[in-house]
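Letters A, B and C name the chains as they come in the text, with residue numbers starting at 1 for each one.
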Amino acid sequence: MSDVELTRRGALRAALAAGGALVLPGCAAGGLGSGPASGPSLGAAAENYLRRQGEKLGVPSISLLAYSAPQAEAIHQLAPRFTDLTGIAVNWTALDEQSAANKAAVSLGSGSASYDVVHLTSDLLPTYASRGWLADLDRLRRAGTVPGWGTSAYGRATTDLLRWKDTLYAAPMFLGTQLFYYRTDVFRRYGIGTPPRTFAELREVCAKVHGTQLSAIALRSAPSPSQLLFVWSAWLYAFGGSYYRRYADGSYSGVALDSPAAVRSLQLYGTLLRQYAPTGATNWSVEDVTRAFTTGRVAMVQDGAVFGGTFNDPKSSQVAGKVGTFVIPSGTAGRFVPYNCHGWGVARTSTRAAAAWLFVQWATVQATLTAAAAGPVGFSTPPIATIYTSRSYAKKYGFDDFVPSVTRTISVAEDGNVSPLRGDPNYLPGTTDWSTVGQQVSEQLSRAVTGQTSAAAAVRAAAAVVSGR
Amino acid sequence: MTVLDRHAPAPTRRMSTRRRAASAAWRRAFLTPLLVVLAATTVLPLLYMLALSLGPRQGQLTVGAPQGLHNYRDLLTSTAVWHALGLAVVFLVGALVVELVLGLTAALLLDRLLPGNPVVRTLLLWPAVLPPIAVALVFKYLLQGDVGLVSYYLAQVGVDQAWLTEPVSALAVIVAIDVWQYTPFVILLALTALTAVPDEVREAAALDGAGPVAVARRVVLPMIKPAVIAIAMLRFIDAIQVFPTIYALTRGGPGTSTQLLTYFNYQAFFGQLQFGYGAAIAVLVVAFTIVCVMLLLAWQRRAEAS
Amino acid sequence: MSRRRTDGLGPVAKVLAGIFLLVLLAFFTLPTLYAVLTAFQPPLVASRPSPQWLFTPTLDSFRSLFVDYSFIGPLLNSIQSSVGSSLLAVVIAAPAAYALSRGRSSNAGAMGFWLLCARALPAIGVSIPAYAIFNQLGLNDTIVALLLVYLPYNVALATILLRVFLDGVPREIDEAAAIDGAGPVRTLVRVILPVARPGVASVGIMTFLFAWNNFLFPLVLTGSKAATVPLALQQFLGSYTLQWNEVMAGVVLLSLPLILLAVTLGRYLVGGVSAGSVK
């Protein structure tokens, strides 16, 4: 681009910015912009910074890989606003979670990343970071930060999940936590006044409501860390079990998986799925579970808090308007909740790292996240606490007791009830080979869920995997 | 069918050395693009795989300095890979046997009852042209517990089976889907092979007093044996790559009971992010494939000789 | 072709045979029939706890699919990569097959073995290095990448089959062309291939299908720009919100081109593969 054009563009932008600055204050409060075309307003300082940086970098486009999940789709819909501000187009690739994770691994591992920005989960962050696949975000921050962007907005529990060896490798975009969804009409029909608060009560409720037309419960059970382990581990901890004995300075020691608590929790999980779940539910992934709930085949599911909007939306769910929620029951060792964090990372070998970093900041700043959470696609678990008390959030997710359940679940997490080990911010062990070990552990444990072996034998085999590494 | 009739090669003529050299030259020229393409597109990736497999067990996708055969050592001493290999063999043998038995029987019957029917041919053809992932999705739908078509009607007659959550039935389902998709094709190929069996041979055997079953068994089948082995070979080279079915239906589960060789390899790379180890598995799979092709070819040559 | 058959089957045997064949027919057609029916079911019907055969058909599933998903991209990519792959395969394989057919049979045996091995190469083993290499060459997420990676499989199969077809073309034709003064290239292109047209068509279709139905290579090598139809189908798999009627509608839509192909050009496909077996 010639200098003349640059200045002309700059002048046009300045004019827009001046005009925009007059309109902005009205839009900033409450969060919602005037529609997808204009998108969220970040405040004059931030937007000017983005414009200037965009011009300075002169990068025409960046490539991005995301999961085709609501939290990414919501940002995707707002992305044209980023392009408007910075002149950087975003080539968006969205795949289902499994394929996207595969692609990310191959892309990042190949040494010349084809994606500049990568959607990743905190479970895989130690693996990616330890192999040198991700750019050091602290270093990029020191080189320049969008005004108003800061990690303090997210809370330590969340950003700690995206750090490895004290370096930040991704910016939080989503909180992955779970709660129970239930059919309010079914509970009423069977005279269940209050939702179960303990696992014993949960089992009773299952026995009561299970029928041939409508099963009582569905839970993820497919042999994979993101499926079986992500849901069941909270039960393991609530019963008093744990994967390891100690956590210190970022490393784990002492395999503790083989315990009566583990066996009991696995037994309960498998029994519920074999007796009170639809046939075949002992090898289900998240989409099977959500589909079962939205088509009215099960009365209860434990799954992502992110599905609140989807489950209650008549366009995507046949049980909209009949959905209630409750926090995960407590066991003898207390109440634990699944917890992870999704973030946007920048590939270390990206040749457009500065532009990618610009996008990452734009996508995770409060105004964008508020608009994304409450927008038409919407996701109910943004990583910033104040969004949960905003008007737009209440308007979209204020059905039944969803908002209290979500905020209560998150406070359980922030109290540290994510891992039984003191000082450990990770729900699932944050070891660098968790993708391997976790996969094999889930394969062993799933054999007990399907009834192929006893829970005791499966737990023993799983513990052997963990210690054999 | 004149073009496709078997034609005996012309008797070799004495050619002058110049003509022989000239004819060799153009043949070499015609073969060169093929050889270049094959070398580039098969040898290169295999060498890359070999190099990766000699590197660190986890490692990167970029090739570094070779470190030794530790990945192969780990591989050959682990039970997981033999388990995966065993499952692959069970799948291959199971699928091929069922497809051939069903296919040949149906072909023999169709040949008698409905020879040369074009409607039959079209009906038998299209399962094989569907994308395997589409077929997998359809069966995932049909095999849903309780409410899927298969589960529902079988439950009515008292057969209550959790298809995808028990190891044996999960593997059986994978086999059955392959059978479903490709048996019609096998029938088609067998039908075509049967057209090469001259009527006179059959009639002669019938006149000798042989019933239809005996004629089929002692006369017709031996005549089409080379063709049958060729069909088996064709099916083998496709079936060994079975992936979309497992990916859509079981993801290797329950436990690891449908983690066939190809899926096991995929898991090593993408699920466990162990690139060096996965590369060693890939090399092993290539070796296994080559061995199987050799065996099948040798078998076919023997059948042709007799 | 009508043929008199000494029908040695008694009436009972014929009835049994007929029943067997009918059962087979049901087995092979019911699944897809029901899948197609589901595509036309309204969403509430599709999620009832038992299979529904009677309902008022609707196009809602197809409509919502078009609204939420874009198929044009994958369809175009599939067409490009499949047609391109097919053409490439024939162009490279035809001369080679001709040379093998008219050459010494001793070489051809070994050649056949290696061609078969190339065709049987495990896709996983090829896709990962291919990804790494294409990344270096800047071919990530392109149709060219797919074309390149399908080459060994399609070229190998095409050579094997074309050779068999060309074996069936009498040498007299070669000689007649030589007498007319045609060199090998001309002979191949102007004389031999037209005679073997059904064979070429078969090979073309088989290589087209291999490229079209391939799942693993596009999964590894492509992203949003060069994604093909099977990948689009796979999106349905991982969707949290799609109901089965929509999934089946997607399956039906994306299988239609192939069924049309089978119906119109099916005879070439059969002829092609059977030639490989009836050699």
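Definition applied: contacts are C-beta pairs under 8 Å (C-beta built on N, C-alpha and C of every residue); 3 or more make two chains touch, one makes a residue touch a chain.
If you're wondering where the values come from, they're calculated on a predicted model, not measured in any experiment.
Based on which chains touch which, is the overall arrangement a line, ring, star, complete graph, or other?
Topology of the interface graph: complete, with all chain pairs in contact.
Counting only C-beta pairs in contact, which pair of chains has the most of them?
By contact count, the leading interface is B-C.
Can you give the whole-Å distance between the Cα centres of subunit B and subunit C?
Computed value for the inter-centroid distance: 15 Å.
Find the geometric centre of each of subunit A and subunit B from their Cα atoms only, then give the gap between the two centres in Å, rounded to an integer.
Taking the average C-alpha coordinate of subunit A and of subunit B, the gap between them is 41 Å.
Would you please write down the residue numbers of subunit B that are in contact with two or more other chains?
In subunit B, residues 61-62, 146-147, 269, 275 touch at least two other chains, as defined above.
Using the touch rule from the top of the page, what residues of subunit A touch 2 or more other chains?
Within subunit A, residues 102, 106, 110-111, 297 contact more than one other chain.
Residues touching two or more other chains, restricted to subunit C: which are they?
Residues 49, 128, 131-132, 234, 237, 244.
Spell out the part of subunit C that touches subunit B in their complex, as residue ranges.
Going by the criterion above, the answer is residues 1-9, 13-14, 17-18, 20-21, 24-25, 27-32, 34-35, 38, 48-51, 92-93, 95-96, 98-100, 102-103, 105, 112-126, 128-133, 148-149, 151-152, 155-156, 159, 165, 167-172, 183-185, 188, 195-196, 198-199, 209, 212-213, 215-216, 229-230, 233-234, 236-237, 244, 247-248, 251, 254-255, 258-259, 261-263, 266-267, 269-271, 273-279.
If we count contacts the way the header does, which residues on subunit B are in touch with subunit C in the complex?
3-7, 9-10, 23, 26-31, 33-35, 37-38, 41-42, 44-46, 48-49, 52, 61-62, 102, 105-106, 109-110, 112-113, 115-116, 118, 121-127, 129-134, 137-142, 146-149, 152-153, 180, 183-185, 188-189, 192-193, 195-196, 199, 202-203, 206, 211-212, 215, 226-228, 230-231, 233-234, 236-237, 240-241, 243-244, 247-248, 262, 265-266, 269, 275, 278-279, 282-283, 285-286, 289-290, 292-294, 297
Residue numbers of subunit A touching subunit B in their complex, please.
Touch list, subunit A to subunit B: 101-102, 105-106, 109-111, 127, 131, 222-224, 278-283, 285, 297, 433, 435-436, 439-440, 443-444, 446-447, 449-452.
Taking the touch rule as given, give the residues of subunit A at its contact with subunit C in the complex, in rising order.
Residues in contact with subunit C: 63, 65, 68-69, 91-99, 102-103, 106-107, 110-112, 114-115, 213, 286-287, 290-291, 294-297, 307, 310, 316-318.
Along subunit C, where are the residues that touch subunit A in the complex?
43-44, 47, 49, 128, 131-132, 135-136, 140-141, 219-220, 223-225, 234-235, 237-244
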